[in-house]
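Read the structure below first, then the notes.
Should a chain be cited, it is by its letter among A, B, C, D, E and F, assigned in written order, with residues numbered from 1 in that chain.
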Amino acid sequence: MSEKPEKLIDKKGLRLDGRRSDELRPIKIEVGVLSNADGSAYIEHGNNKILAAAFGPREMHPKHLTLPDRMVLRCRYHMAPFSVQERKSPAPSRREIELSKVIREALEPAVFVEYYPRTGVDIFIEVLQADGGTRCASITAAALALADAGIPMRDLVAACAAGKVGDTVVLDLMDIEDKVGSADVPVAIMPNLNAVTLLQMDGILTSEEFEAAVNLAIEGCKKIYAMQKEALKARYMAVKQEEEVEE
Amino acid sequence: MSEKPEKLIDKKGLRLDGRRSDELRPIKIEVGVLSNADGSAYIEHGNNKILAAAFGPREMHPKHLTLPDRMVLRCRYHMAPFSVQERKSPAPSRREIELSKVIREALEPAVFVEYYPRTGVDIFIEVLQADGGTRCASITAAALALADAGIPMRDLVAACAAGKVGDTVVLDLMDIEDKVGSADVPVAIMPNLNAVTLLQMDGILTSEEFEAAVNLAIEGCKKIYAMQKEALKARYMAVKQEEEVEE
Amino acid sequence: MSEKPEKLIDKKGLRLDGRRSDELRPIKIEVGVLSNADGSAYIEHGNNKILAAAFGPREMHPKHLTLPDRMVLRCRYHMAPFSVQERKSPAPSRREIELSKVIREALEPAVFVEYYPRTGVDIFIEVLQADGGTRCASITAAALALADAGIPMRDLVAACAAGKVGDTVVLDLMDIEDKVGSADVPVAIMPNLNAVTLLQMDGILTSEEFEAAVNLAIEGCKKIYAMQKEALKARYMAVKQEEEVEE
Amino acid sequence: MSSLITRVRLKQIANLIEKGKRLDGRGLGDYREIKIQQGIIEKAEGSARVLLGKTEVLVGVKIETGEPFPDTPNEGVLTVNAELVPLASPSFEAGPPDENSIELARVVDRGIRESKALDSEKLVIVPGKRVFVVFVDIYVLNHDGNLIDASALAAVAALRNTKMPNYEIENDEVKIKQGYTQLPMRAYPITVTLGKINGKLIVDPWLEEEEAIDSRISLAINDEGNICAIQKGGVGYFTPQQILEAARIAKEKAAELRKKVDW
Amino acid sequence: MSSLITRVRLKQIANLIEKGKRLDGRGLGDYREIKIQQGIIEKAEGSARVLLGKTEVLVGVKIETGEPFPDTPNEGVLTVNAELVPLASPSFEAGPPDENSIELARVVDRGIRESKALDSEKLVIVPGKRVFVVFVDIYVLNHDGNLIDASALAAVAALRNTKMPNYEIENDEVKIKQGYTQLPMRAYPITVTLGKINGKLIVDPWLEEEEAIDSRISLAINDEGNICAIQKGGVGYFTPQQILEAARIAKEKAAELRKKVDW
Amino acid sequence: MSSLITRVRLKQIANLIEKGKRLDGRGLGDYREIKIQQGIIEKAEGSARVLLGKTEVLVGVKIETGEPFPDTPNEGVLTVNAELVPLASPSFEAGPPDENSIELARVVDRGIRESKALDSEKLVIVPGKRVFVVFVDIYVLNHDGNLIDASALAAVAALRNTKMPNYEIENDEVKIKQGYTQLPMRAYPITVTLGKINGKLIVDPWLEEEEAIDSRISLAINDEGNICAIQKGGVGYFTPQQILEAARIAKEKAAELRKKVDW
């Protein structure tokens, strides 16, 4: 239903929402938002609205999936039926199954899975509203949910896409840029370890453009990483305050 | 395909099938009709034709559903594809899943579940022909199947609906009254315990009408309860006779 | 899309592909074609192209299906989506589920199931291209896969159909003969034991025609049996050679 | 599954049969008592209940309109489905059809289809576009063995009892009118199942015999005594001689049943 | 499920209630604090988030066009679905809807449907052919008890907040135009759930109380104070007197909530 | 999963690779032997079988007509599906597609789609109404590692081999005519997968190496040497430098394979 705009970048180099090519969308993060989960986080990344929760380490069901020498990480990325233009059936789509896998593989390098053998950790991600870049925002939130649950981690994981719109390599594509643009490169990193844990690409890029996009995405991830740490700190302060009040 | 009749109650206060407002449809009950079930009953309630069977107490599958301190009751309410106007797919519908739950919750208060810990009892209900009020007739039959299986019970459960047709509160709605009428209140009771174990309502009723409907339904249940006891007695006599013949 | 031919048998008694009534289609068999299976075979029977593999005897999953006194045989007959004219959904159809059962029951009489209690053997059959008679060609290949896996057997099982085309009883119907013909009688035998392990029939046959068809099919099976033994021998020689080279 | 006690029982069954006798007193070629009731589900377009000894099967027929299959634009559609409902036996489980219920439905379907029992060209409303779809739903209510014969009998009895709605075509749309006509049928196949125990053939095995037999063979026989469908089942085998013998017995028994049943 | 520690806790809850008190300080007839936010999912045609204490439910409404049901050619279609998403509680599992989520959806559906909340005749585009389909998706985000009341409230709040696309019919095809109109509604039912513990009725049970109660009853009350849907749940029972008492309380509480909620 | 013996083996694999060697004698940047056979499934509109060492993949292409997606009324439809059939590996199970087969299908799909390999506007029969639907079914017959590259190669080879039926439009209906034309293609992407072990990159990992690597990266390279799709997999990571290095190697290898393959 949304019509194709004439130009995604104007003469001044600004994008439809007024951003420069290397600018992130507004991001709001809150940690510890759900009372029943062991850890949780909520992110608004542009118009994306996403909840992530972590349960565990806990006993696994079914038991035969348990591993003797490590924790098993499971992940479900799921979109609410009302999160997108056309109502989505609540049954998991092939896209959701693939994304659940790549998101899990983006988070697992950060987790000390060997600390809790024979246990499981479940990560549940619910996209309440989608606007391009949900997998990256999901990773950003899920990493915080894991940290909030007290799962021992090497580093947080921060995620952000870069891509190509018209002839320009730009940061953090929103929905319309993703659909009309010519390439999208979602990236997740553990900033302190210089480690890329998610990398996908759609579209066509030369080697040079690809290098530029990866570097730009990494810069974006680093900015998001700073916000993640702020959000964790805010959560920590809130918990501390609560405890002091209780005492 | 069935056309909407002009009037559900005539000038004399009689309904389409000639019943008075407080009159039940003809009911026929037989206990012990299936040779493989531990207990069974068949009911014809108006044009409803329903078979119920109970299996157990027995080992449960899957085992992890077993409870250490009580028996687990399971119930499946299911309609034959040919039981209704338009052929029904044999896969359980959302309506059948909900009814399975409320029927189980209507029967369970009558069962001494603590007598047989770590076991399960399965109740299977098959609606062979439906004509309004299948959930009530199912409960009436299933309670007898449980009793026939020798499951220890506080009381039988008898069920019957009342409702509102035009301006009148009436007993035991048949299909057409249910569809065209303005409210339906299915009720199940354990008569000796003055206990309502099923209560649902569709439609709009004032508090006064609701009270009248509940009371009328309870009267209906009591009449059905008498028939249940007759049917159990007949079954008992038949079994006794059989045993005497065998000796 | 394929049009109905005018005559399936010409004046000389020859069929559309030039065969006589008692002639098999060209058959090519190869044993030991898959490196990951414990046993495997590939058959081209006319235009049918079928792979069969056997895994086991091995531990069964789920474990509760294990039998204390015998091996459990399981079988999945499955058609590739591209094996037939109209693309077939990869989900198992009712036809595939029935054929999996009759094929398993055609093979099981040949297996000494009591030799390996508490184990399971899985037979997987993939029809890569179908042209009439896939169940028989599948049995022929699957029996070889079992033998190649070293499962102890009373005899091989060879399978072939006979049927009626026009007024003639003919051997080994191809797709078009199966569809337009008036009867199809697939048969599987253990030749050394004079034992029929698969028998089905579609169409209408008099008792006399039925007897003729069964006898003709058995003759066909015996010819296929000879080819099976050749293929096993070739496999044995190849393995031996390989071993000698390795030494 | 088979406990020690059952093994003794199975042995006993086999021993008796070797002597030409059966546990329930029948001869090897005898059917159990058969009762057929038609039209008992008034809401269905056709129905029949068959009691074969204690085995009880209810078949309901529903008729709807739908599209024909692309390759048979001038024929109505027949759909046979079987439900082994869990109240019929502790061995039946609720859930989607398993291989046993699928085989049962398909064997009954083949008997009807291959004997051309339905005059399916008379089920066409608008060629290539609109036809009657005949749903035959087999509902097994009590399982005491030989579900195939009981179900096949109930299916044909229900179809005989089936009424098609009258219709007219108005502005390219099918309108259902008052009244009914009989479903057009041309054949009434009867299916006979035999079991094999220690080389002996028995007719109409009941539940305990089914556990004792190593294989079974079911033959659908049409009105002329010809064979129109066969299904061998079980993990044993038959010799070619036994198969021809089974075919002979089936033909004989089908003729016998055909006289007996009053449908 | 219920460990030894929980049993002590359950006992404590029951004892308090017998004295007319509750663990969280509420009176037996008190609701927890209620917060309603509307329009928070901009991409949905309507949405509302309800906080009932710590219980959190998000409802999104999507509107599409589709065919009406054959038996109601002159009415739009309402579809209510509930997802107990696994992040809301360790007791929820990913997968197809279970009996709890189906019951939740159907109870909310009945409250809306039976009170005739939607003016569904105004949802018709071309009678018998094309109507608006209203999808109400209940998304439970945090489960702290009494999901029925929170979901029913969120569903009605989301519907109040829903905008229908404008359209025109051009060459028999529906074209969506610029702009929106409010979804046509006629009633705003409120559902009140009561639990029974040791013969006492409590309003709005929270999670731990839900484990202590032996049965619950939910009543949907329309704007006139009449009852438009009831669902009894749980493995216990009510006396007829308790039911009438519950109906009286529900009517009172619904009126009270109706004044309080600002939607 | 990984037993003690396997751990020794995994260690051995890793040690060798650190020295620039591989267990099967290949260099770190070498592919296994590749064989491609086209047209082996005569009933399919296109087919190809690829042997990559012992890894064996069969791809069949079927062409049907259907409706276009509403948002791309002027394009044909491409559907890629992958079956990890259980005869290919003891680790594959029968059943609906799991995350591995879905990822495989979607990665192959993206390589084809993003390189604009199919000239999908030429697949339109009646704009907005009727288009050709191209089903690409990936059938893994033997799993010896690197299923992505083998499947991507087989898919493109099968598409190159695919013939579309001729048709004409008569009274608004599509009639299939005699004869075929080649499926219209514009690009032939080649996918190169690299694994990472102890910081080293290896090309075309085989089964045992796949268990030893901590992550893999697959890059689809188009005819001009540009990247058109990437998928990182596995529970490890890459440094940014390793990613650029992988991109460089993939471009080189794709050019090399492009010369070698004869399709």
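Operating definition for what follows: a contact is a pair of C-beta atoms (placed from the backbone, for glycine too) under 8 Å apart; a residue touches a chain by one contact, two chains touch by 3 or more.
For clarity, every value in this text was computed on a predicted model and none was experimentally measured.
Note on connectivity: the fewest steps through touching chains from chain A to chain C is 2. With centres computed as the average of Cα coordinates, no chain lies farther from chain C than E.
To find the repeat of A-F among C-D, B-D or C-F, check which pair has over half of the same contact pairs by residue number; it is C-D. The geometric centre of chain A is 52 Å away from that of chain B, both derived from CA atoms.
Mean C-alpha positions place chain D and chain F at a centre distance of 48 Å. Per-chain Cα centroids separate chain B from chain E by 27 Å. Contact of a single residue of chain B with at least two other chains is seen at no position.
Multi-chain contact residues of chain D (touching two or more other chains) are listed as 97. Taken together, the touching pairs link the chains into one ring where each has two partners. Ring order, beginning with chain C and continuing to chain F: C, F, A, E, B, D.
Those residues of chain A lying in contact with chain F across their complex are 67, 94-95, 97-98, 100-102, 105, 108-109, 185, 190, 193-207, 210-211, 214-215, 218.
Partner chain A is touched in their complex by these residues of chain F: 1, 97, 99, 102-103, 105-106, 110, 114-115, 215, 217, 222, 225-240, 243-244, 247-248, 251. For chain A in complex with chain E, the residues that touch the partner chain are 1, 34-37, 40, 47, 49, 51-53, 55, 58, 76, 78, 80-87, 90-91, 122, 124-126, 128-131. On chain E, the positions that touch chain A within their shared complex are 40-44, 47, 54, 56, 58, 60-62, 64, 81, 83, 85-90, 94, 96-97, 135, 137, 139, 141-144, 176.
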